[in-house]
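Take a look at this one; I'll ask things after.
Should a chain be cited, it is by its letter among A, B, C, D, E and F, assigned in written order, with residues numbered from 1 in that chain.
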Amino acid sequence: MAENQTTVWKAFRGGLWDEIPVLRLMLGLCPTLAVTTGVKSGLTMGLCVVFVLICSNAVVSLMRNLLKPHLRIMMFTLTIAAFVTIADLYLKAFQPEMSEKLGAYIPLIIVNCIIICRAEACAAKNGVLVSVVDGLAMGLGFTLVLCFLASIREVLATGCITFSETFVITVLNPVDKGGWFTPWGAMLMPVGAFVTLGLTLGAVNQLTKKKA
Amino acid sequence: MSSKIALFFRESWLLMVSSLFFGGLLAITNAAWSPKVAENEIKKFNRLAGGLLTGATQFESVKDISMNLGKGKTAAVDIRKGLDASGNCLGWAFVCEGSGFVDTIKLVVTTDAGFTKMYGFGVLQCSETPGFGDKLNIKDGFYQSQFKGVPTEPFKLVKGGDPKALDSNIVAITGATVTSRAVVNALNEYMQQIKPQLVKQGLITQ
Amino acid sequence: MEIIIPVIAEANFIQTIWPAATLMLGLGAGFAVVLLIASIKLSVEEDPKVQAIYAALPKIDCGTCGFAGCAAYAKAVAANPELLGRCSPGGADAMNKIAAALNLQISGSGAPQRPLVHCRGHKTDKTFFARYRGIPACTAANAQPPVQACAFGCLGFGDCVRSCKFDALHVVNGLATVDYSKCTGCGACSRACPRFLIKMVPFTNEPMAAVACSSRESGKNTRAFCKVGCIGCGICAKQTDLFTVADNLSRMNYEKYAPSEAVTTAMTKCPTKVIVYRGKTAPADVSPEDKQTAAAS
Amino acid sequence: MDLLVSLVLGFISIVLINNFVFTKFLGTCPYLGVSGRLDTAFGMGLAVTFVTTLAGIMTWLIDFYCLAGTALEITRYVCYILVIAGAVQLVEMYLRKFFPPLYEAFGIFLPLITTNCVILGLCLFLNIWKVDSFLMATVLSFGAGIGFTMAICIMAGIRENLELADVPECMKGAPITLVTAGLLTLGFMGFAGMIK
Amino acid sequence: METRGKFSFPGGVHPPEGKQYSQGRPIEVIPNPKQVVVLLSQHLGAPCKPVVNKKDTVKAGQVIGTSDAFVSAAIHSPVNGTVKDITLAPHPVLGRTMAVVIDVDPAQNEPKLPVAGRFDAKFDLSKWTSEQICRAIKDAGIVGMGGAGFPARVKIEPNPAMPKTILIVNGCECEPFLTCDYRLMVEWTWQVLAGIRLTAKAAGVDQIRIGIEDNKPEAITIFNKAIESLGNDEDIQVVPVKTKYPQGGERQLIRAVWNKIVPTNSIPPVIGACVVNVATAAAIAEAVVFGNPLTHRVVSVAGRAICKPGNYYCPIGISVQELIDYCGGLTETAAKVVMGGPMMGFAIADFSTPITKTNGGLTFLTRKEVTEAKFNQTQTACIRCGRCLTACPENLNPTKIAHAVKANKLDVAQEQYFMSACIECGCCSYVCPANIELTGYIKTGKLLVARAKKKA
Amino acid sequence: MLSKITVSPAPHISQPLSTQRVMLDVLIGLAFPMAAAIWFFRQYAILLLICSVGSCMISEWLVNVLRKKPNSLSDLSAVVTGVILAFSLPPAAPWWVAIMGGAFAILIVKMLYGGLGYNVFNPAMAARVFLAISFGTLMQVWTVPATVKEGALKEMTAANTHATTQATAMAWSKEAQKGLVPAKEVSKFYKDSFFGTEGGCLGETSALAILLGGVYMLFRKTITWRIPAMVLISAAVVATAGWLIKPAVYVNPVYHLVGGGMMLCAFFIATDPVTSPLTVKGELIFGVGVGVLIMLIRILGEYPEGVMYAVLIMNALTPLIDRATRLIPAGGKPHVQ
């Protein structure tokens, strides 16, 4: 049991720091770039990924001993696609605005490399508990990164972080609300996405190098 | 042969069982949630249109109104009659499409019951460049406000001028002439074509 | 849940789900058949080494390694072990397994081969004619007419340092110095040195004794060029036959070396103190000049 | 003639103006991962083009004739991905067995592609855009692949030069590639609005 | 010159000519030094083994080193004296190599004099057969004196596999500052002409072209007159070529004079050309007619940083220091001492380095001539201006090669950018505004490739 | 004595030319349009130039300090970037826009890649696009030159005070394409573009001044004729084609050549050695590419001006062009042994 606890802990820490997706593993970049225009969409995306990861990890872990090599990929994609569809449907039903905003990027979770990666690297080798914790941690790590990037982009692009019409955090008071800050439109565009992620990765490299 | 079938089932039962299972799961979820999804669609339209047509509580679709898109193509127009709680017609709301700078722009446009005055428009879909064309999106921004309560005669796009004057001169968004023009052109096209059809169906008078 | 249950209760269960479930069953079965046949009919023989490496990889085909998927990377590493460690999803775990599959560890038979720099001349020990203002690389400097009087000694521009993938080599005060605790004995440095100063020798003992000089100049010239060069006087050879002197240079038989009184005597008697210990446990080699400055400060 | 013009415009549009990598961020992983060398990048691009065309056509057909407008729409994503994964796996095995040189040249990229967003993204966008003609679907699918090939080849060319550049240590590799990708999109914004 | 600019090649540069220092100074015989150091590797190919021992007495012209290898050339003592030592000595190119150190006999210390005065228009070729000429060249240990030091006999001897059709005489002396070939052409015209004709006969070619840069009009006139006064029907012509560095590179000269291109990584005989430097020709004449081995050569001493520039006839093996002393010493401003010319020569620091057979000059440069940037090695990154590409006479991409070498991508340097085709002329480094040692990197790259090949 | 002697690889002499000198020559060339800019836009020009150049220099210095590298300000390339960036800003742009542009150009586009010589994209142009998409409206305020009293088209000279906006030459051409004004009328005003008596970015208005600067650089061999000639010729060809086909909506080619950023681009921007191909053939292709793309964007695109995009796109293609035009040695490819 003690051993099991350590693996669970390891899996948890792994997802949130040692192997934090995007920054360390360099996987799942497309959604990262596409949905980080706002914290809210980043958060929604991240939570969807948490859901899919937990479910798919659990299912894959359950059937890990039954997999046949030639149908492996099929099985994984089938499982993942099913859960993604459910998540998509949920958003459509209960978060229609977000669903519209994220558009095709929700179904694209199916091909988000993180999910297959975890299915292969963790769920196919470990028990259900470890797999689920791994899924949770990896998903949260991903969400964390998305929110971090999104907050940079959203603040520079609008001056505020907007969750809903009534819940707005103003960081840099924008001109159109009588402030001084002229928003940087570029941050909402592809260049903002790529450059922010690039610089963040560089900063992470620099920080972790210093520690080592 | 039977050994082959056995092999097949030995190798593939898991995939097939899972397919069946996930198929079922999806179907159930869908059955449970799809009404909600459909409701959302209607809600969005109603919210936008309702916001512009104060007092309207329900919308009733009108059939057989279409747009001639040129080159022999036509498209049905989603146009609805706004009714208040007691069933009086308050005005019209329709979805209007035009091609903007980046992609198609979709608007919900509302007019009074006689189709003579515009109440304004709301944005259903717009992916114009942030900082440029997407100023169209600003609710009650200067651009949207220019359409509130102006007659439905053809609009004219001007660069510079007074946006506060409620007339058919529409002042373009600086740096986004294309978007501005797309909206003006689309509105003109739609209103010009819809009005006679409504008259023909006897829903409004000339 | 409370949303789903009523639906199941209300609707005709079978009717709700059959279209989707059958479609998917059909798809699943179809692919199962096709892929099964394909996997039997289209199987291709694989190199077992590549297979072993592939097994160690995460098989997610993410392309992070710069290759077209895990299989391509497995093939590439099998052919070129230097590509080890490109798979970041696999991490250290995969790397170790691949290393095992490739048998990368130096086999245990015999003494490990380790690099020995056959020069002891730090910058402060050597004579220079002028200032070298060329390309800061040993190969380039070695192609110039000598600036440093000794045409055999370390140039100190670190071609070897750059060749070492393990950060086990550094130029210290103008002399290439091996950090034996990091060195893996890969031998890259010995191939990099344009003056062939670094020889891979069997480390039969720890530390090893070595004649750290390559100068074939006459004793007189060597003395003029470097304070710590071998002058070929032969005193060491008189102590033990581990040393042989030819071309004004003493050489040591590393295969046969074992610590002995005679070697220690040779070390102390060597007039230029060019016989030194090298290895993990060897004392740091500091030139006389450095000692002075160290003492002074 | 109208059809031809619209096909050509559609093609140009998806290659230059609505390039999947530059405007939709699709296929970023291989775009960063496999752009180290030009020849590999080109192989990858060809493979993607092949698969997008194949997958685009197949999923369009399935969608158009089976799913659209029925209750089966719910299985759309599952169908898409199964079709893509299955077809790719099949093509890969087939090439490997019967056309080893072709396999070496671009077949090895195929597995990488199953989990590549461009493919699924293209299928989804064909659906979102409501492409209603088989020819247009084919042209757009092919164009998406060509657009990806163009993007990845440009990046590979740049990266071969960057190898010699004095990029700060922490920015080497993926970070500088991302920044480059960002600056690239700046240039390609010039095509915006050319064709609608 | 009516033909100015007509005969040339693409690329190249126009460095300041710097010929003013020594151009006007007649060849001067200098007294024997006290000691000469005769290196045993003075040519391309296998080094010689000494055939004398320590303390042996040697006569001027006596063989002191030989080799059995085909591509090699014997080495002779330039003086009478005793062998003091056989030891390592500084070599201008190879670091430290074996050399025979000879103390000059104070009793028999008269310097050897040139023989140019004994040649004239009436020189009769028919006294020697082709074989005799080749034999004499071999015995005299003659190597190419234009710089490369390829054993002359190997180059000249007829080779059935590669029949020669033209002899091109290299009188370009495109290298700035150097004037020894010019002085030879002007003062030793008849000896050079005799050598040329002997070489042509030995090589079995009828067509002789003498390429002279058009900044040496006197040399062109003198040779034209001399050829005219020969009055026979030999096919000898002077070709005035455009003054441009590296016009004297054999590949460039062949292109300018004969309009043919030597294939990459190949040598002139492949297309039937034989290129010989004028000093080599002069040495051949002396060897054939008088049997004298190659023990002396003309060295031009030039540059602002030497007190008494000039052209000196001196024994091979004399040290640079001795020449400096004879020329009045260095000036205060000296910054670089170069064996050879400033474009291709080797900067030396150890002045005990002896003169070799291939060494046509010593250039003494001041800091200003070197340029401050080069002196301090202040470089910027390549600004990709492309100047090096347009300057390269071999149409290479020097910056790419150099950067590939720097990044240790030798395969890229060779397979994509054809490093081995570089003739190391230095044009690229000369024009580079970023002051990058392109040629240096390329040389380094070639050395690395050679070493890798040797290992493999 | 000996200590004064140095040893380094051949050649031992070099052309009296340095990177610094090259950049200085560019700055001297830029002095002509700079004089024009200051003449036309007075304090606006001076303020933007100071902010832009200052920001570039401080950014470069900062990175050098952070990376513990020798100071590279003395190579003057940051100054060139600053000046060109300022030249591509509208005169009425706020001062902080110039500062942000300079910082983006140097920090992100240049120094992240290792500084001078390594950047892939033209720093000034990349920064210009960044500013354009970030601060759209601020980047479209076109001031009437201080010297213009009475103008060509009536609207253009509604008032001649500072900070009065007017359409630029390219905006007029766009209007003509949309059929709002006759192209013929617009074309008449090419003289204004030539002398610079019209609205536009700081440095681009006076084609004459740019030409003078360009001729100076050609004379100094700082640039070769290849890129400028190819840009102008190819652009002229495309413009002429358009003009011949639809003279009613497309302005005449002369107008295109002297109007907008075409001249500045041809002589000062496309010629940036760092971001253009190395080979001669490559330069020709690059020039044609830039010229054609500028015209395509001007004619078919939605933007009135295409210079910055055209340059960035061709910058991106530069490595591929270099590769495609790889040099073959004079003696042919060596045989594989």
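One rule holds for everything that comes next: a contact is a pair of C-beta atoms (placed from the backbone, for glycine too) under 8 Å apart; a residue touches a chain by one contact, two chains touch by 3 or more.
Quantities reported herein were computed from a predicted structural model and do not represent experimental measurements.
Common neighbours of chain C and chain E (chains touching each): D, F.
When every chain is reduced to the mean of its CA atoms, the largest separation from chain B belongs to E. The chain pair sharing the most C-beta contacts is E-F.
For chain D, the chain whose average C-alpha position is most distant is E.
With centres taken as mean Cα positions, chain E sits 70 Å from chain A. Distance between chain centres (mean CA atoms), chain E to chain F: 49 Å. Our note on geometry: chain B versus chain F, Cα centroid distance of 44 Å, whole angstroms. Centre-to-centre separation between chain A and chain D, using Cα means, comes to 22 Å. Shown for chain F are the residues in touch with two or more other chains, namely 2, 5-9, 108, 114-115, 118, 130, 133-136, 302. In chain A, the residues that touch at least two other chains are 26-27, 70-71, 74, 78, 82, 85, 89, 113, 116, 183, 185, 189, 191, 195.
Within chain D, the positions touching two or more other chains are listed as 29, 33, 71, 74-75, 78, 82, 86, 89, 114-115, 164, 166, 168, 171, 176, 179, 183, 186, 189, 192-193. If touching chains are joined by edges, the resulting network of the protein chains shown has some other shape, matching none of path, cycle, star or complete graph.
If you check each pair of chains against the touch rule, the ones that pass are A-B, A-C, A-D, A-F, B-C, B-D, B-F, C-D, C-E, C-F, D-E, D-F, E-F. By the touch rule above, chain C contacts chain E in their complex via residues 128-130, 133-135, 137, 139-140, 142-147, 149, 151, 162, 191, 194, 216-218, 221. The part of chain F that touches chain A in the complex is made up of residues 108, 130, 133-136, 138. Contact residues on chain C toward chain B in their complex (touch as defined above): 3-4, 7-8, 11, 16-25, 27-29, 31-33, 36. Only residues 2-3, 5-9 of chain F touch chain C when the two sit together in their complex.
Those residues of chain E lying in contact with chain D across their complex are 381, 403-404, 406-407.
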